[in-house]
Amino acid sequence: TDNGSSGETTDGDGGNNDDTGNNGGNDSSGALTAGGSSTVYPITNKAASVWGYNPPADDKEYWPQEKYGISTDKNLADYWASKYGFEAGKDGQPPFNVSIGLSHSGVGLTKLQKGQVDIGDASAPVDAELDASKSELEKFKNHVVGVDAQPIVVSKYLYENGVKKLKADTVRKIYTGKIKKWSEVDGYTGKDMEVQAIGRSVGSGTDTSFRANMLGSGDAKMPGVDIRKGENQEVAKAVGNANNAIAYMALAFVSKDVPAIALNFDGTTYEPGKNLSDKGYPLSRDLHCYTYEGTSKKEAAFLRMILTEFGQGQFVDPAGYATLSDSRRKEELSKLPETTN
Amino acid sequence: MSEAYSQDSEIVTETGVLGQLATVPFVLALGMILLGGALLFQWVSLTTTVAGVSVATVFGGLHVVIALSLFALGALSWQGSVDTTPSPSVSSVVAFIDGSIAAVISGLVVSQTFGLGWFAWIPAALVAGVAVFVGTLLLREDIGVTVPVGIFELVFGLVVLTGVIGSGWSWTPEGFSATFPGFIAIAILGLFGGLLTAWSSAAAYRGFGARGREFGAYVLISINTAILLFILARIILFIVQKGLDPMLKGATLWPPAIPFITNGNGLQYDINGIFPAVVGTIWLVIGAICFAVPLGVGAAVYLTEYAEQGRFTSIVEIATNGLWSTPSIIFGLFGYAFLVPRLGNTPSLLAGQVVLGAMLLPLVLITSRESLQNVPDEYRDASAALGVNQWETIKSVVLPAAIPGVLTGVILGVGRIAGETAPILLILVQDPFPSEAPKVLSSFTLQATPPFVVNDALLQPASALPYQLFAVITAGVSAPESVGWATALVLLIVVMSFYVVGIAMRIYFRRKLQQ
Amino acid sequence: MVDAPSFSAVRRSVDELETPAQIAAAVGALSLVAAFTAFIAAPTYVAFPLAAFIAVVVYGWVTYQAETARALSLLTTVSTVIILGLITAYLFIQSVPVVRKMGLSIVTDTVWRTSTNRYGLLTMMWGTLVTTIIATLVSAPLGIAGAIFISELASDMVREVTKPAIELLAGIPSIVYGFIGFMVLNPYLSNELLLPTSGSLFLVGVMIGFMALPTVVSVAEDSLTAVPNSMKSGSVGLGATDWQTTKSVTLPAAISGISAAVILGVGRAVGETMAATVILGNVTRLPDPLYDVFGNTITLTSAIASQSGVAIGRPTQLSALFAAGVVLFVIVLTLSIVSQAIERRMARKLGGEQ
Amino acid sequence: MSETIKEMDSEQNSSGSQTTKGETEERIRADWVEYDFDGQPALSVEDLDVYYGDEQAIQSVSMDIPEKSVTALIGPSGCGKSTFLRCLNRMNDRIKAARVDGNIEFHGQNIYDDDVNLVELRKRIGMVFQQPNPFPKSIRDNIAYGPRKHGELDTGLLARLLGRDDSEEEEELVERCLKQAAIWDEVNDRLDDNALGLSGGQQQRLCIARCLSVEPEVILMDEPASALDPIATSKIEDLIQDLAEEYTVVIVTHSMQQAARISDQTAVFLTGGELVEYDNTDKIFENPESQRVEDYITGKFG
Amino acid sequence: MSETIKEMDSEQNSSGSQTTKGETEERIRADWVEYDFDGQPALSVEDLDVYYGDEQAIQSVSMDIPEKSVTALIGPSGCGKSTFLRCLNRMNDRIKAARVDGNIEFHGQNIYDDDVNLVELRKRIGMVFQQPNPFPKSIRDNIAYGPRKHGELDTGLLARLLGRDDSEEEEELVERCLKQAAIWDEVNDRLDDNALGLSGGQQQRLCIARCLSVEPEVILMDEPASALDPIATSKIEDLIQDLAEEYTVVIVTHSMQQAARISDQTAVFLTGGELVEYDNTDKIFENPESQRVEDYITGKFG
């Protein structure tokens, strides 16, 4: 493809490439841009900031090569970029910068389609997010970088008063507006309170996958939602501030104040910290980094870093997500263009 | 002296005993207002004890003591043992307020305490309201001002003292999702009763009559303003308290360094900072000024100096005032629909500059126009009488004289746009926590194809201080709450300094003009 | 005695502008129109006509400075009008698709559903109405009282502190209010008033009322100060107290200015965005019952701010947000025009006695 | 000019004042200007100093103002005439920069005492200003304003409900005041029109009527005709002379002719706020004691 | 008052005008007031009407203004004096409501012709206003302002670089004008101070100096001393008399004494914008033809 083969010409300016001319080599405009899902953001953002920092070979904290069986004297970004023939940057700068935008999966994919970003982060598959023709969808190239076992979280008060585990059906009833009071929930022992069901913005991957995985379709109605927040972080804060809230979000944002609960699907109980990341967990979902019309070398250099054991261990796992199995990792790596050395 | 002048001692009236007596409920009322505020802010709780007495009891006691002293004031004045000048009746406004309070109280009692429906509480409220309204109207002013308030205070006091409303009490009004706990109810009764008492005892202080009413009104208005100013101070102080420490984290006096302000966000920094946003804001402001000042001042010159007052000028006036009041988010929408597709199809600094410039434009125009109009016509006449043409006059006399006003307007306007988030949400930002600031100066390049001069930094996304705060709220994975407070503090400092400079300049130049 | 011939200098050729100037003016105008067209149609090529225009201006400045200056100032004026025109035009154009789809029901429908592309604005209009009413109840009485304090009651020293302080209040950015609301007040209300959801119309209303306060205070104060002192002295000279004078002379005389102040304040409240966006739950559902101010819904502004991000991939939803913008714009423009008319009336009324 | 004044003189003395003409007392102190007159003083000013900030606008002025006569204050611009006048009913209190020292006695009481009731004082000593300043209300409301504020009239819905309606008294009061101010005939058919619609001269007479409505004893007028055309001016002048039969009138004017035409006694202030001469009006214009006053009167300056 | 005028008279006639005294020509038309004088007219006004909207402010006035003398315009307030004066250098063009009919000839050319160059006209016919109106610039810049704008002086950085620096000429010009306006001694040590720091009288003389800087032939003055104190006024009056040796001065004043003191001929306007009488100043004040003028002069009104 055009972008892929020309390698260095990819830039973030999108449609009007001739506007700013061919400037793949220089530092600012040659940046690799990604954007979209706030679920994927912790992964790509971490990777991008380490990339931008470009730690030298002896930086054990950020560039622990031996641990992953890599041996090089190159700086981190120089090393990964060199796999696709990029020269090391000046003065310890990475060969090119990576900037990660934050919005929602749908937005990231649309921007990717319009050429406004190079990589579209998404926490739901493109066909669930975009209403587009098959041929159009085929132009999106899917790279799965990790797996989110989407948790259901509740306010601390609820957690301490019996809501440590819910049946999937109860959650469904809450979000479809059939359960309005916590007293209607089995096992709840606290004072009677209304349910505050928190949702993510329509159009976010989290919302789409929750509807698809919990309610059966990405378009399913959720009349029970009481408030909607734009990003995972806001959801976490809202749940933390309340004592009657329940929410779905990304695993990375779970904390002491925003505890995840166990879910029972048809008799199987998935417990956070135990088997939530199991393959069978119905709310688990792949985290995607889409590229458009093939994968350019710049994109490949960055994605390859994330898809190696190093990236999985350094970026995906610390963010709280499940890493890819070795076989999936190999499969994903094989989708990237051949390295040039 | 002729008989027409018989009542001549009247021009002298003394603030007598009543004045001193009235200070008692007045001071207590102020105390109750403060205490009510403290309760709302949760600086004290109902169960806090002061000298062995719980705050709730203190409230009840204050109400009752106030009630008794108000009765005393009324009685003394009625009896004529002190020198007062009450009108024969209270004003209908006072009667109406008393009636409304009575209506609310009885309505609430009937509906909430006895749990009766609208068929009961509406008539009850009406009857009580009308009765108190008419009753108050029939009273002489001194009684009408003190006694009803005293009765309300007595009721409030008894309700609190007897624990009918206390820390365990709560009330969920029908149809509302809120539940009012006892401490809020008591605080509100305290504030409300305090204001009523302050007014009533202030009127008594001046012996009722016109002067009493004046003092009563002034006391209420002054308390209102004091509360406003308190809230302002509280907001600012709160942000300083919360934000100062994180802002100064790692700061050193010598060499002077505040890493939070001079660092970007990234692993290369020990302390993550908001430098890119600071720089972004600076460039936004510069760009907006470059866009708005020539346009605004030029249009102001045309409108004041050249144009004849007519349809065109009134269209422009409507347009500028319309622009001025257009919600900022609409500028953002416009920028997204119109500018972004034309400026490289990506959020960019340039788009932000133009949009903020468009927001700044009307303010610059309005204030420039005002200050051009304030340039005395004498200067123009003097110049014209010397045979100097209009443009030279404008250039050499009118504009220089108007510059202070224009400058003030620009500074205040910049203060406003520098704090705007809504318009830049869609058109400026990509990365919520950038590590590098836009390098505008070093990015100018020439090229052979149109548009010949390009500046990549201008066409790239950037960040800005107010957005940075928004990012903490929405995307704070990499930024703890304290970073938000620190950012808020920096933003406040930046915006407020524009305002302080602008307001100070305006005061200074106005004063100079008056001399 | 005066040398008569030198007086001929008093006379000057009738066709004041010689041909080169006329040509230059024409070229300048043409190139400007071309530049503007280019920016609308093909932004890349703006450079050519723009360069031509700059050349003409430079030429004009050197040779006919006065005329060029006048023309440029006219140009800036026209540009200002065009900018408002563009904003209006783009808002309307972008909202056409959804209006075409929804018809009039766009302002009567409460359903907002992306999966079926049905976008009714009624919910957010209700949210805006409720928050604006609350904001007005906060800002109008407090603001007018503040204005009376500053203009009629404060001593010089107190005024010099109070007035700037209240103006400073206008400088606190909306997002800072939002941040405080989100971080501190939302939890306070949830915990103390046991609100079932985070954020409420009440809190937003009070906050934007507070934000509108400085506008109300300073405009109302201006109009109180504009009441001629001679009028006030007339009342005081009759033995009326200052408060009677304020109530019976100053306030009635300034009433139009004060209503303008309140209307401007309302305009600010209607357009206030970030605080609402951050504090509210932004769920497109009416509060139940409708008057439940402690409930949650969405406002026109917060709908635009919270959904424009997600709507980028959905043309109809985006168009619906522009329609929300149109509604906002129409409301605010109407308010602005009404307040201007009122202020003119006040000027006329007070000018009448001079 | 001296002729003119004489002409006027014969007419003007018809009003109540019986002034001792042609005599000037010995000065008691350098800054004390004495003027002997029969009858009662309405106001006695003693040793009045007024400062605006650091600047002194009135320099220890002492004078008695006789009741039921017209006293004119003349002097060049900025000499402190208005300042002095405003002291007489403490309207200067409203100017924050102004500081007043000295005594002004009104019925034996110093109006600058701390516990003076300004409301009562200003009812008794009314004021008419240079610019006509009617309220933007109806003519009726303008006249009834003062009495209503003082609780002497009770109209409106509520009063009617309570059976305390004073509409009739109000009607009478309005008519009486407007007649006294010689404007009744011009406005009696439009009492409910806005007063701002009247001409300047009518507005000024309305303001005089308004001032009369609270039944003052003294009326202070600060250049009441300077904003008016000659015809309106002459109406106001006639009115002032009529008023002096019942009221004590103190008038500031910048027109010496006007002072000569209508006043019984004239006080001349000169720059710096000094009262240089105070005497029977004829005396001042025909044969002033002080050379400076003579220079001023004859137009050597000013 | 008549004495006063005589006193002044003897001094004032020292300046160049030789007026025919005591004679008034037959009126050619009802509204034509003729005044014969020797010497050249600097300006001849013929049949001038001025309207503000529908209101007529000047009613077909015709008069010749003799050169190198002081012509005073007097009349009651609002009679159109200022309006008439502003017509003489077309400053009335700047008032949008004003409409002017009639001819004013200056060196044989009608200044109301369409193709008159206003810049040149106003250089030749300068104007001094009632309120001193120096620019908020240094004293030097005030004086040099006119010449600089007319390109007669070229100073500043650019001029210096190009070797066209006229600083010396400027220095001379400033000195000459300030000396002519009798203010040099008071300000020569602070030419770079802001002109707004001067006293009112100094400011007014500065404005006169500024007016002289463009070398006018005629100087129009609209109540130039009315905002000033007596001492400053007398300085300005002396200056005006000096200026009349070289310039034609037309002055509006509201002080008859001032007109009597300094003018050679006086035109009396009365309400409605009529020119009622125009003659030698002595004649006007001692023995006016018209009864209305006499009434006005003797203070019967105004």
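Each chain carries a letter (A, B, C, D and E) given by its place in the written order, and its residues are counted from 1.
Convention: a residue touches a chain if its C-beta (ideal position, glycine included) is under 8 Å from a C-beta of that chain, and two chains touch if they have at least 3 such contacts.
A quick map from chain label to UniProt name: B = Phosphate transport system permease protein PstA; C = Phosphate transport system permease protein; D, E = Phosphate ABC transporter ATP-binding protein.
These numbers were taken from a predicted model, which means no experiment stands behind them.
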Minimal step count in the chain contact network, subunit A to subunit C: 1
Centroid comparison with subunit D (C-alpha atoms), farthest chain: A
Most distant chain from subunit E by Cα centroid: A
Leading chain pair when contacts are tallied as C-beta pairs: B-C
Between subunit B and subunit C, centroid-to-centroid distance (C-alpha), Å: 17
Distance from subunit E to subunit A - Cα centre to Cα centre, in angstrom: 85
Rounded Å distance between subunit A and subunit D, as computed from the means of their C-alpha atoms: 86
For subunit B paired with subunit D, centre-to-centre distance based on mean C-alpha positions, whole Å: 45
Interface hub residues of subunit A, defined as touching at least two other chains: 16, 18-19, 194, 230, 237
Junction residues of subunit C - those touching two or more other chains: 44, 182, 194, 196-197, 240-241, 244, 309
In subunit B, residues with contacts to at least two other chains: 177, 210-211, 389, 392, 473
Subunit A-facing residues of subunit B, complex: 177, 265-268, 344-346, 429-436, 439, 443, 447, 449, 454, 456-457, 459-461, 471, 473-478
Subunit B-touching residues of subunit E, taken from the complex the two chains share: 89, 91, 94, 96, 118-124, 126-127, 129, 131, 133-137, 145-146, 149-150, 207, 210-211, 213-214
Subunit A - residues contacting subunit C, complex: 16, 18-19, 103-104, 106-107, 109-111, 129-131, 193-196, 198-199, 201-204, 219, 221, 223, 225-230, 237-238, 241-245
In the complex, subunit D residues that touch subunit E: 1-4, 76, 78, 229-230, 233-234, 255-257, 260, 271, 298-302
For the subunit B and subunit D complex, residues of the former touching the latter: 1, 4-5, 8-15, 87-89, 92, 137-138, 209-211
